[in-house]
Amino acid sequence: MSMKQEKLHDLSDDMFQPAKIDSSENEQIARESTGFWKDAWRRLKKNPGAITGLIIIVAIILLAIFGPGMNEHSYSEQELTRAKLPAKVPVLENIDFLGVNGVDIRGTDQYEAKGYEDEYFWFGTDEFGRDQWTRVWQGTRISLFIAAAAAFIDFVIGVAYGGISAYYGGRVDNILQRIIEVLVGIPNLILIILFILIFEPGIFSIILALSVTGWIGMSRIVRGQVLKLKSQEFVLASRTLGATSGRVIGKHLIPNVLGQIIITTMFTIPSAIFFEAFLSFIGLGLRPPEASLGSIINNGFRSLQIYPHLVLWPSIIISLIMIAFNLLGDGLRDAFDPKLRK
Amino acid sequence: MEKILEVNNLHVSFDTFAGEVQAVRGVNFHLNKGETLAIVGESGSGKSVTSKAVMRLIPNPPGRIKEGEIKFGDRDLAQLSEKEMQKIRGSEISMIFQDPMTSLNPTMTIGKQIMEGLVKHQNMSKSEAKERAIELLKLVGIPNAEGRVNEFPHQFSGGMRQRVVIAIALACNPRVLIADEPTTALDVTIQAQILELLNDLQEKMGTSIIFITHDLGVVANIADRVAVMYAGKIVETGTVDEIFYNPQHPYTWGLLGSMPSLDSTDEELIAIPGSPPDLLDPPKGDAFAPRNPYAMKIDTEMEPPLFKISDTHYAATWLLHEKAPKVEPPAAIKKRMQGMAPSEPIIGAKDGGKNV
Amino acid sequence: MGRYIGGRIISMLITFLIIASLTFFLMKLLPGTPFNNQDKLTETQIVQLNDKYGLNDPVPVQYFNYMKNLLSGDLGVSFQQDGREVSTIIGERIGPSAYLGLQSLVVGTIIGLFLGIIAALKHNSFLDYGTMVIAVLGISIPNFVIAGLMQYWFGVKWQLLPVAYWDGFAYTIMPTVAIASIVVATIARFMRTEMLEVLGQDYITTAKAKGLSSTAVVIRHTIRNASIPIITIMGPLVVGLMTGTLVIEQIFVIPGLGEKFVNSILTNDFPIIMGTTLFFSILFIVVILLVDILYGIIDPRIRLAGGKS
């Protein structure tokens, strides 16, 4: 068991003098402490999926803002002689497999056939000869607007409702929660459809319809978080240490609840975009010439077999938006709550 | 005495994103037939990892046994295949865990959980296994065993659940039982019952026990020998009496000093300053040096070897070197050493607890 | 348990009455007339039709009649299809929808469970990442996009599967894939998380310490316990499936309830809209109730907690 004892005799005497150990060094915490947001951002940066999502979202928002103005066509400008042209993009048109050379699925160059050799419609044109690029980005703009507005309304109602419910507690909480119980018993799909049937399809009725039940999830999360935090020991601890209510709310409540709110919003937006598109499919979407991504795709389905580009481009964009928000939402969830990380 | 298990130069590491964490860094110990060896240390000292390594239950990845041997009879457990190891686990070496609230499957009746091992290792039929399960439940002191065998874990209290866990571990009469902090999660009164049960069962079945704990008070009640672990190494090992009444390592002094005792009320508890080293980057020299008030220059440069104090007592501290200055242990420890000098007949707490 | 279920059934009935009343009054607020060929109808004909369907009665009387009929299982008659019973129409249409929904649910659940289990067992491997990519895509890409892409590539371009309509098993493949994608993704993701959670539990170490083979540990202890919470997401999933069938039946021109519902919306056929709405609501409420009861039966912790209270 023991080491070669004889070797140990060679050690010099001064080795056995007391060592100066700086005990303060030992007590130091190795890592610098970081704030909640900084810490979350540091974790988010390490998540390639979330960063990809973020970049896609920024790119799509920029295109939704500037895309419709990037060529000379307006979203409602009709010209039947150039209807249903496939996509054609300068430079990229020379790369065959991309399929953006203006040749349709039967192999004829529609631009040549219809006499528009010098024109470029980056996503092609629709059945009225409207520029699909402009319409798609216009539609993206509207889809994003609807989703953002619905998410904002959810946020306002949800935070107020959940906050009041948790803050006052007791009877108020009891009544408010019974109301929610009844509401969640009703399939939201049914409520949304009935709502739009009554108020006629339009941007604002769609936003309102999506918010009718949308806020419930947010209110539950806010209520749950506030209740949890109210009873948590660190809040009690900081109160005991003399922290004011304002400080407790500012330092503990808001960062914790806000994280959850942001995550919920990140998942509300794609689901609102999906629902809006879904409404177009069941005939309750926007009325032309107004268009959202959903209604553009729905229109495209009518001529899918011959003009797939009318479905393809908006489909890719709506899918990218959904993927990006889901990736970012997942990433934020991990970043705000590392315990959940797997 | 016959050595039933011998661990030589065991190294266990975990590969994490931050790098290799050397949780166990060259541990040597042995377990004699029929005895109880207590492995004592702070959290993170590597005592649980050592015991899991013996069972080969270190999740891989990230963990791996880097080197060393675990001799069990003529086999080296570190080299066995997973299949061969499965035959040993539960039948020859068993383990009980810290938290009885989580170590039972919540969706399976306790009867079935006991029967699993019996069916696997002893080729029993279901009905035989069930009978044996009821016997085992009686053995570990569960009243109305026939009725309770069909109940689920959540219908049992914490202490009762730990009895069930012990019944599972003892189902196949293992030669070695590893108890990983089996009383830590329990109330003090229940702790005593479980310790008594383990002592009883050891006598009835002749099992050798490795008892992992951070609680020296528990050690006095149950162990024959003690190994003190610090930062992935064993720093002192000896019989219970040697460790309690003639401790040599400053870390053992610290552990004993931080343990309250009933017989002296004026005694001050001594805290060990600082915290254990980061095993991602273990310090050069003696890992305990930064927290050691007796640290010498050599401690910061060379790791101390194990110095022999008696045939059963070894400690790894340069203070035992012939050139080291003679240091005075803390007053409380000195009192122990003087008041209960090993020359006097000792009525060890262990024997008192055991009620032999 | 019995009392719990009784209580749940009562609250279910209350919810149902609320939905029925809500549907009725919202329908009364709708603009437009219910008759599709109203331009050709004379004033007197419209009055006659209104009389026939009781639309001239005061609203409370209509409400009372409506609720009375409803409780006896009568959902009224279609305005568009010469007074055919709504319940008959639903009966005719439910077949393809139910078939599609169940097939998607079963296939999706099986594949999802399989992927989730493999991903967790091979945690941080290529298979794990692959499953996570499938899960994110399945959750993100709208079912109509999947349907459209399949319809174009498999149906039109490569002609491997029928593009649309409802005539035998081959016609169910693409709709099933489109609807099941969200099921696969949701279940795979959920199962993976649950598996990883369970694999980290102490009782898994206990099971290993008993000397059980890895297969026994995985099947008897891990998968079993990990799949129990799956039941809790079944409710929302089934609702998602209903939403899915509405669109997918449209796209693939499947003569199901969803397609009928959408057409009724376009033609203002109120009784059918109301009848189908109520039908979907009942389905939704019953599924949620069944899920709760099932969960109680399968998880012993809940089963006993429920029994004691």
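Residue numbering begins at 1 within each chain, and the chains themselves are lettered A, B and C in the order written.
Quick note on the criterion: a contact is a pair of C-beta atoms (placed from the backbone, for glycine too) under 8 Å apart; a residue touches a chain by one contact, two chains touch by 3 or more.
These numbers were taken from a predicted model, which means no experiment stands behind them.
Distances between chain centres, each the mean of the C-alpha atoms, put B farthest from chain C. Between the chains A-C lie more C-beta contact pairs than between any other two chains. Between chain A and chain C, the centres computed from C-alpha atoms are 25 Å apart.
For the pair chain B and chain C, the distance between C-alpha centroids works out to 55 Å. Taking the mean of the C-alpha atoms as each chain's centre, chain A and chain B sit 51 Å apart.
Partner chain B is touched in their complex by these residues of chain C: 201-203, 205-214, 216, 220-221, 224-225, 228, 299-301, 304. Residues 11-12, 14-15, 18-19, 22-23, 26-27, 29-31, 136-137, 139-142, 144-145, 148-149, 151-152, 156-157, 163, 192-193, 196, 239, 242-243, 246-247, 250-251, 261-262, 265-266, 273, 277, 280-281, 284-285, 288 of chain C are the ones that touch chain A when the two sit in their complex. Residues of chain B touching chain A in their complex: 28, 273-275, 278, 289-292, 294-302, 305-308, 314, 318, 321-325. Only residues 1-3, 5, 8-9, 11, 13-19, 21, 23, 25-27, 30 of chain A touch chain B when the two sit together in their complex. For chain B in complex with chain C, the touching residues are 55, 57, 82, 86-91, 94-95, 97-99, 102-108, 113, 116-117, 120-121, 152, 154-155, 165, 168-169, 171.
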